[in-house]
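One chain, chain A, links the two complexes that follow: it is found with chain B in the first and with chain C in the second.
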Partner chain A sequence: MKRRFRQSSYFPCKIETLQQDLFTDFFNSSPDLASKTVNVEGQKALIIYMDYLVREEEVYNHITSKVQGAKQLDYQTIESEVPVTDIMELKTLNEIGGALIEGYVCVYIEKEKHCIVIPVPRIDQRKPAKAETESLIFGPQISFSDSIDVNMNFIHKRLDTKTLTAEKFIIGDKIPSEVRLIYLSDIANDEAVQEMRSRLNSLQVDDVLDSSALTQYVEDNSYSIFPQFLVTELPDRFCYSLKEGRVGLLVDKSPTAVIAPVSFLSFFQTTEDIYTRWNMGSFIRLMRLVGMFLSIILTPLYVAALTYHYEIIPDALLVSLGHSRSRVPFPPLLEALILEFLIELIREAGARLPTKVGQTMGIVGGIVVGQAVVQAGFTSNILIIIVALSALASFTAPSYLMGSAIRILRFPLIILAGFWGFIGIMFSFAFISIHLIRQRSLNFPYFVPIYPFQPRDFDNSFIRLPFLWSYKRAYSNRPKKIRRFKKPNR
Partner chain B sequence: MQNNRKITLLIVGLLSMMIIPSCSHSKDVIEKLGVVSAYGFDQNEEQVLEGTTVLYQFNPDITNASQIIHSTGSTFNMVRSNANKKSGYKIVNGKLQTLLFGPTIAKKGVFPYLDTIERDAAISDMLYVTISEEPARDILSASNYEEAPNIGVYLNRLVDTAVLDEKIVSSKFHEFMRDYLQVGREPLVPIISIKQNKAAIEEVGIMQGDSHVGSFSMKEIFFVRLLREEFNEGRLDLELETKPFQDYIKEYQGDNREDKMFIVIDQLQNNSKINLTNVDHLTYEVDVSIHGRIVEMSQRMNLDKAAPLRKLEEEIDKKIKKNLEAVVKKAQQVNADVFGFGVKYNNRTRGEELTREQWQDLFPNIEVDFNVSTEIKRFGIVQ
Partner chain C sequence: MPENLNIPDHKKLKAIYLVIVLHTMQIGVGIAGHPRVVFLESGRDSFISILIAAIALHIVIACIVYVLRSFDGQDLHGILAQFFGKWFGKLITFLFIIYFFLLFISVLVNYIEFVHAFIFPDMSSWFISLCLLSLVLYAVLGGVRVAVGACIVFFFGSVWMFGLLIEPITYIQYDNYLPMFEASPRELMSGALKTSYTIIGFELLWFLYPYLKDKNKVHRYSQLAMSLTILSVLFITFVSIGFYSNNQLEDKIWPLLSTIKIISFPMFERFDIVTVALWMIIILPNLILFCWMTSMSAKRVFGGKENYYMITVCSLAFIAHYFFDSRYNVNFFTNYVGQAGVIFGFVVPILLVPFAMYYRRKGAKQHAKQS
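On to the complex of A and B.
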């Protein structure tokens, strides 16, 4: 459809023309365009708006009634009568149309050279809800809402400082979305801010679906299986990261925020580790890392040991393992792949179905199928334990993206273990290590503090030392201020 | 540049695809294996090796995982491949735990068979070398092996428990080889015998090189171990004359004391030092210091006082010294230096390496002097 672009010469015009043009050309005959013509002492005025984008009650009370009740129709009177700020004067049809979409009410008095728009937008937003995917047991339960204003409000409430800087970007050529680059100007590293700014500026896309989609546009290596930016739905985690000198992104209409640069280990940390005492925090952090390692290694180890290296199986296990294996008609590789696939199937089914049915599915799938599979001689019961354990361990990663990455990573490892035994496992571990070492997040090394080796950051990475020992921000983020507080003299 | 990198990656990928599989060895899927846990070797009159192979096998219907295969051959590997002819499972040695040599081979020398095993990287060095005075075939056929999956595992547990209890000297494969290859120190191996269809360790065999020449009883082996190794939590039963203690026993028993008394020392720790005092006349001085705790005493004495305690320690010293002299003499009779006197000698004489023959000429004539000092640290409270 061809749009008419009659520039400044458009006004003055008849109100019927304006109404008709907006209706047919700009809004494609939308039934939602509401308009009212007011006639005061021979002068005609048009009030026009999209009915679901404005607060109609306020339009009636504060605009329509004021216009109707005016003794004389001119913009000055209206502007002084209507109790709303930010009233703009617009001259082109395009501008008016754009304003209407954003929830403005347009008032045009016939024969005038421009029209005015009054903002009365209606924003229906999700109430701030409890965090679902990253829920905490101990600590703030609230998660981001899907409105950028509410989210900014959360952040400002938590970071009540004038150094909190938010830069506005509009991403999306066809459907623009507002993106905010947020950082603490006295702490965040300038290079990180500059890098993120330039990546956002050079981004040319039609639209941005969500912050997690934006992440995939701006991340360092799209081919990697590991997420390079942390996507979180927790305002407290977001603010904690900002205070550590990281940079954050908020995308309008998205209930998640993005944090960068992050290291591999950040995906295994939560703010809960900070809220609980240091010894519990350290224990849980270590447990998550061990869990991740087990989750990756257990099934491949089983496959490799049973196919090639019977020597390493402990004596006590050898007999029971051998007996349960002797019923299985498949080689260990196939056995493990079938069971891993089954577990992924149960997980996916449980996630897609409504909560109540999903739970039932989990129980039915887990217990009934698991029991039946062993009794039918499809797999050995030790493999059931191993696969269930590694699935369980993969869910301890506080970041859903990282948990999924670990679960997927298992499959190539199992296949290599089945073909090459321990050599295959070592090969894949070497491959993964090299990959992780080469990885970058916003041009900052991804595998710190292991590589580049940064022992000064150990106080708050694998473990969390008490604040007496951990009074500095992570060196690897290169914040402007390293010291968080003065070390107490004790 | 980008293109070059892709090509390099492709080449590296393809090369690793081709090269790495050759690193991995043949597929040994567990349920198709007969995992050997013990081998027993005998030799018959025609000098043919008779092997007894004890293995696990995995079958869903049979609860008993053990199988015993008898086979013959002229070498270890032939015995194994002949055994494999009698089994549908692939016989593998990766979990071999015990080697048992029957009397014929033990007398002749076990080294040729151990040599084969050392060359095989799949076989663990942690297996125990044992011998027996009955044919190995009979020992491995014993049907009572407690809750262990098979007789091989049982034998391993049997020896392992005795070693951990510091009852015998450990004879793991690598320890045996070390003692065998080292001049001036001979190996000791447990002798497995069979009692009421159950295998047990009754004696410890003295090896001269790789052949069995004599035995120590379990009582004697304590004193051998005292010189060879250190005790952490040893236990010693001694029989003492009561005559030296008559004054102290009188207090409780009057004059009707018994002639012998038994004491048990526990938590015994020792420190033994062998010094070569005269190189030319080969005289050794051995300082043995022992400390421990008395847990049992068959005659009542008041050890709170210093005098009876000193006296008791003195008598224990004498008794231990007597026993030490006896075991050294026994070793000299069979001409097998299980204590390592030769190593000390070799260390002191420079230039020429001591040979086995030289030391066998010298060892029977060495003189050993013992200084034993016992300290009773605790003796319990008796009130």
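On to the complex of A and C.
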């Protein structure tokens, strides 16, 4: 195989040789390589293509028939007859093979010094589906498809401006896939674009599985539990982020897009907050943040209070708590860990099973097991309430990655609370805060607007102001143009 | 002459952070016990003592900023070396390093004391200090930006606790403030001296100054931070004096925490336990920045890498806290560190002013000659 590639002039050759070489050496005797030999007035030509990668009907109508019907076989005639642009001339076997994989049809006329390839790729695409993991109630329901062309189409349709810039990268040495770096050149911060570009350029991997895998290659701190880039499947969210001055990545064959730089709080926002009215949006946003906080702290608080600090439990509560705890044979730490683990099990089982079974699973797991666990004296009623509440709260995070991070974060907190009470809880909170302060997303601070303290960005992070007041982009992304529009004089 | 600290612009911090950072540095373990300490000296006229200390504090800050402004972006070590020559400057900075290290330890042991008194009497102190020191190291190794960031986040995490004093305020007996103006000037002065122990920590300005962006606003913001501190100290003392009858206050070692004991929420019968745990994030900024100051100056004096000094400071503190095993020891030690604080914090800046004036005049003359 190698021997042939090294030959500087493979052509001219016999068409049988070309056919044989492509068949045996390049495609490992693949049964899908279709070829047809055409004979026009003593001159022979070969048409060869991978049958499932091209639109065969068009090959028949526009290429084979044209070649057969030609009065005289040469490349000029074919090129002028065939109604396709981007016809290329290739000279090595390697290039031809690569072109065939990409959906080109190769035409070779015997005794010529090169062959031509004509692009007729077939792209089977699923219809744009409804968003599943980040579903919205109010607003566009569409999600990215798994072809980069369709996704680019979505984005171009939404951002119909000439400043939309897409840079092409090929990532992967063994199995290359196309990655697009997308930004609005008049808004996006140059440093962010430059940083992302250099990270993509310096990336040396064999293959990229998906955009979420690519994220883990290029993110700032791989050891952190918190995601540092936002992975989304919503084109509208992607475009909104671009308009805010962020940088986006699209990976071919991946139904999700990547947004950077992001802050911690962006994981608790959805575009729905913007589609609904500002007061509802603000309320729901704040509720999500409170939910996150509660989800982290409730169970550890229960464990700490019952293990060490029973003084803090009020009299009224103490009676019912003591009553339901009296039958439980475990220490609170173990009790809480068992129940949290149970909830995680139910969640994971529900996620792995098909939808219909998953729902049944949720009912069986949630209600039947929960009831039975209490009646059997495994846990107290109050802990069931607390654990269910915190599981519920953790699902309010719009980003799946962040929700999972919060759920996992609970376990070390519960253990620390069980060992060292409030000191353990405070320790972990201080640790998480310092950790968040240390994080960076694409070299931009992650914990903005809390630190670096940026009160002007509280709009669009904690809350959402009416558009009349919210006429600026977030300062923390450092966009080139800070004003969205001129503040109306009213 | 020591090399200038060349901090690149994008690594500099906004000057407005000073308001919070200096304030959090001053508020620490001291404030919990402060009302009693002042009350023991100047009785019901404690607020006058605090005001006297406040005036001194504002003057000292003005002096520090004046001295700092005489030089372009130098920290304390650079200034001392400029005045007293390389070796003598290093010696004084070394004294400062020891002083900061002692402050670091005093904050640490005082917090351990808190935890022992309020939450876990039997918790081994090495464990608490291990927790705290690991947090400090984690923050400090991230650089000054992370250290300052931790201060700001922890400030917002703890500032709402002033709201807890609303309930004690409703129990204030106004008779407790009367009669006023009883204390003799001598008592007032010693009360002011005790107050100054509580409010040290502003020495940070010496070291943070080169890292600040808009230097012309430094004075304004640091004075603002001082007034914030004084107001909170005044407020807490005021509430404590009104809340306790006279002899009661003298018995409470930490009047502030004891005051919070009466607070109960529907879900928290006793909030003081939560408060003591939360106090961790009040003292963490102190620890983090003292550690940073110590290792920063150590690096300036001895050279070498800052990270090694940070690890050294934390491990030394881990060993050192073993020597403070009783309340008596801790108290004794804290008092001495406080007295050193009056010298290092209040007296040194004032002493440096004449040098700075001389330096400025010389600089002006040289400038005149050159032009």
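The working rule: the second predicted complex is superposed on the first by the 483 of 490 C-alpha atoms of A that agree within 3 Å, B and C clash if a C-alpha of one lies under 4 Å from a C-alpha of the other, contacts with A are read in each partner's own complex, and residues count from 1 in each chain.
Here is the rule we use: contacts are C-beta pairs under 8 Å (C-beta built on N, C-alpha and C of every residue); 3 or more make two chains touch, one makes a residue touch a chain.
What you see is a predicted model; the values in this text were computed from it and never measured.
J.: Have a look at chain B and chain C on chain A after the superposition and call it: clash or fit.
T.: clash
J.: Check whether A:Pro331 is in contact with chain B, with chain C, with both or with neither, and answer first, second, both or neither.
T.: A:Pro331 contacts chain B only, not chain C.
J.: Given the touch rule stated above, what does A:Tyr308 touch, chain B (first), chain C (second), both, or neither?
T.: Both partners.
J.: Counting only touches as set out at the top, which of chain B and chain C does A:Tyr183 meet: first, second, both, neither?
T.: Neither partner.
J.: So in the superposed three-chain picture, is A:Pro452 touching just chain B, just chain C, both, or none of them (first/second/both/neither)?
T.: Only chain C; A:Pro452 stays clear of chain B.
J.: Considering only touches as defined above, state whether A:Leu321 meets chain B (first), chain C (second), both or neither.
T.: After superposition on chain A, A:Leu321 lies in contact with chain B alone.
J.: Which partner does A:Phe444 reach: the first (chain B), the second (chain C), both, or neither?
T.: Touch partners of A:Phe444: none, neither chain B nor chain C.
J.: So in the superposed three-chain picture, is A:Tyr49 touching just chain B, just chain C, both, or none of them (first/second/both/neither)?
T.: neither
J.: Considering only the contact definition stated at the top, list the common interface residues of chain A for chain B and chain C.
T.: Looking at chain A, the two contact sets intersect at 308-309, 311, 313, 315, 420-421, 423, 427.
J.: Flag every residue of chain A that touches chain C in the complex, lowest number first.
T.: Touching chain C from chain A are residues 308-309, 311-315, 317, 420-423, 425-427, 429-431, 433-435, 437-438, 447, 450-453.
J.: Hey, which residues of chain C end up touching chain A in the complex?
T.: It is residues 14, 16-17, 20, 115, 119-120, 123, 127-128, 131, 135, 138-139, 142, 146, 149-150, 152-154, 156-157, 264, 266-271, 273-274, 276-278, 280-281, 284 of chain C that touch chain A.
J.: Which residues of chain B touch chain A once you look at their complex with the stated criterion?
T.: 16, 20-21, 23-25, 27-31, 33, 35, 56-60, 65, 92, 94-95, 97, 122, 124, 149, 153
J.: Quick check on the complex: what are the chain A residues that touch chain B?
T.: That would be residues 306-311, 313, 315, 318-319, 321-323, 325-328, 331-332, 377, 419-421, 423-424, 427 of chain A.
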